[in-house]
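As written, the chains take the letters A, B, C and D, and residue 1 is the first residue of each chain.
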């Protein structure tokens, strides 16, 4: 966002390497899903998605993401989502089903 | 804040609204405002991701069975389409900053085209699912012990991909409008905040899909 | 608008300019948008109040003879929806907040004036949908829209209300977004974060909560609409979906929403108490951190609405412990307001009466909230009139008192007129007694076990219900009084100078009503609430 | 129950302790609230405008004052939390020897059923002094079973069982309310719980006649609803054999096999073409909407009783 635009603009190479990196990560994600890794499938998929999100946010949005405030905003969004999922799951994972009357 | 009278004098002509002190304050405010809006979008989709997580915890097998009904190939192509469109929109913005208007128009135009291509691919998926009777509420006839969990999955599937496609449609149309305005020279190296914010919005739409894709298409594929 | 005798006011103020309807409906001046909002808020307050009057009149008889069961259900639902989303949530931020935030930080306007006007239009559009739902026959799901009743069994106009609240939700998001960006990027040089008045801190914190909570409501209501349309959805028990999932999503929004209602009130009370006690606010940094604490921890406690709803035992215990933690910042604030009076020079003008009333009633409401937060006590008391009394003490005794206190405190600044002090004090005191007579009997009804949302009840509850209905009529009169003497003051009130209360704050360093560009000369920035220094 | 009471009758084992907790909480709140009100009044009078009280000297060490009143009040209320924690856990764990009663909530009425098969509408007779465990489900929307005299409440959810327990300690009739808004006649969904001495309770049970057990009701339904037309011994239609079905593995038409547990039996009645047995045509009509929750329960109990072929309860009672 600085006024001297010339140097702030990254060379073409930067964008194409990033796209390549993202496509490779996508391949990893799809590839790992086809292998029977049990619970690791989910963790790998989400980890790769998280990494791709970081790449997109860091590099493609670097102009506006330079300031600490904008990073804080994005991170807050994800933290609040984690609060919703985390505490709601606390209920679902700790439920003990009531036996039906016929038992 | 300089005296109110002088501030009013030198504003207006280069797009700075009179209640801002200078251009950098306005751009900073616009970008920060967009990021706050992106945080609300994260939470807007967050509800669907939270519901997905909880329903999947309740019915793991059902979701695995249901996920196999989705089309992995089309899903992967759509992800590639969105990733490339994200790159193109950034290249378009870069071209704008270097004052290469024709390149910028072409790049932004192709971004919009890829956006609409994504929607068309989604249309094919929905049609195929319609023929396989997988649309809850419309015609949904599945059998087997997991039938209800599969229907639950597809309720979530249509909610998530529906709202996401709506956002892709909004994003693609906005970029199309910008392409026309860029072609007419409305933006240049010193004035491209609107293009920047639309690019931010397009990246958000891409990021949401980066999470939707594995959760919808990739579970239950192993073995 | 021509009612206001603008000619007699200081020359270039924001009211005396282009007075046509078009000018008002396309204005981008935050002050005029604040006034447009105040009209909307007042209209919906009395609409919701009318529904409440119907409910209270019906409950005079144990058999509920005034209304049929269907009409009664629609009345309390309409009262809930209108009061929550069209009065309480927006009340202070969009009226006083819109008007005063730029003034208090020395800015010319909010960061995004066009979005501010769009927010007003969305608010009115949402209101229109809700009134359309009323005219089309009303909705009888309660303002909580619990599934599967709202999705599978209710045959009233759930769609219209869901769309109305969905649209009004975006109005709140836009206001919140506007305030956050304005507070971050448009403060005057020298006005650091810890020199900001607590009202600005309140607007900032409330905007964070608005922005982080309202999207969840928007999507949850969209899912209700989808499920009603498709006849099947993720909350449908026949499909294995869990109705509790809706309650988790709904209360994840709705508990922070009650903090959206109370935080602005706390900001107003800090301003009023400091001014009329002529003292700096006691423990300023504690007050700011406790506000941020309420905003943040407010998102962790929603499970205390679901202790008996089938939520697991352990989740209930976790949510209960967090609910006790969220009460700490509120306690800090009440203690600090009280300590601000120490060594003060206290005068009891109308705003101060509202403030003292707020502290008392909010404290009482907050305490009963703690009783409900203890899970074992919530078992007998949940969904009874004890809960109704609790949240009315905090909402009506708290937010409405603070809203009226704020309107009275900044009325001279907004309109340049002074209202009649005698009538204002009478109305405040009448309101305090009417309020207590209405809602204190409901605590007893609650513990006796009278369930909420009952069109008819057992005969032994009748005496307390009659007391409550009597109190409600006094309250209705008390709410009509301010309308009378405030409008009267617009034409006949004495001219208020720039600073009638000799208060501190940038908004008092400009003319009343302020000019379009807010400040004709730079205001001087000092420590917050520098009441021990003489005014400039 | 007439006149102005401040508290409902104390009629269950947990009620006295809940009341003690409630009055402790009210006392705690009163102490803190009165403390603040008194301070406000004192300060307001002492430092009112024009009074000649000395305002010299700023307020001293704010930090210690702030921390002290914060932690003192927090500690007091944590004590309230801990006390209520134990009571809440107790409310959630029914005693082992509790007698089970089955409650079905339906839009705007309560259907109760004793283990012996006696059924009641909007009333529930319980013996004095014996722990009762209520297993509850709803047929439509969320209701909530609340007896103020017992201080117990539990939401009743569709598609799931929730439970509540109490031990009545006082004979008499106590009102029963539905406290979760459930539609038009939510206010009419009222009933009464009648607590009787154990002897009277046993006598009352007998006076209800010897109602058929769950399985016998199921057998009657099996014939009256036409199930025997296809699944009976000499039926003309080619339908799966139900004798000894419960607990056996069933091969489905899509090749998978499932164990015929209660959930499978219930699903096969309500949604028959969900899991079609291998070698059979999907001709069975669905009974969803025609059978009430307790009727399905009775049929499932009957099918379970067919598991042991020798005591064939198919014969009429």
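Going forward, contacts are C-beta pairs under 8 Å (C-beta built on N, C-alpha and C of every residue); 3 or more make two chains touch, one makes a residue touch a chain.
Keep in mind the model is a prediction, meaning the values are calculated, not measured.
> Which chain pair shows the largest tally of C-beta contacts?
C-D
> Mind having a look at which chain is the central one, using mean CA positions?
C
> If you average the Cα atoms of chain B and of chain C to get two centres, how far apart are those centres in Å?
34
> Using CA atom averages as chain centres, what separation in Å is found between chain A and chain D?
Comparing mean C-alpha positions, chain D is 42 Å from chain A.
> Listing for chain B: what residues touch at least two other chains?
Within chain B, the residues that touch at least two other chains are 28, 32, 36, 39-40, 43, 46-47, 50, 54, 58, 148.
> Of all residues in chain C, which are in touch with two or more distinct other chains?
If we look for residues of chain C contacting two or more partner chains, we find 184, 212, 216, 240, 242, 244-245, 248-249, 313.
> List, in ascending order, every residue of chain A touching at least 2 other chains.
69, 76-77, 80, 84, 88, 92 - these are the residues of chain A that touch more than one other chain.
> Connecting every touching chain pair, does the picture come out as line, ring, star, complete or other?
Basically all the chains touch each other, so complete.
> Touching residues of chain C toward chain D in the complex: what are they?
Residues in contact with chain D: 64, 69-70, 73, 140-142, 144, 146, 148-149, 152-154, 237-238, 240, 242-244, 277, 282-283, 286, 307-310, 313, 316-317, 320-321, 324, 327-328, 331-332, 334-336, 338-339, 341-348, 356, 359-360, 363-364, 367-368, 370-371, 373-377, 379-380, 382-384, 444, 447-449, 451-458, 460, 463-464.
> Okay, in this complex, where on chain B does chain D touch?
For chain B paired with chain D, touching residues are 143-145, 147-148.
> Which residues of chain A touch chain D in the complex?
Going through chain A, the ones touching chain D are 97-102.
> Within the complex, which stretch of chain C touches chain A?
Chain C reaches chain A through residues 184, 212, 216, 244-245, 248-249, 252, 299-300, 302-303, 306, 311-315, 318-319.
> Contact residues on chain D for chain A in the complex?
Against chain A, chain D makes touches at 100, 102, 135, 160-163, 214, 262, 297, 300-301, 304.
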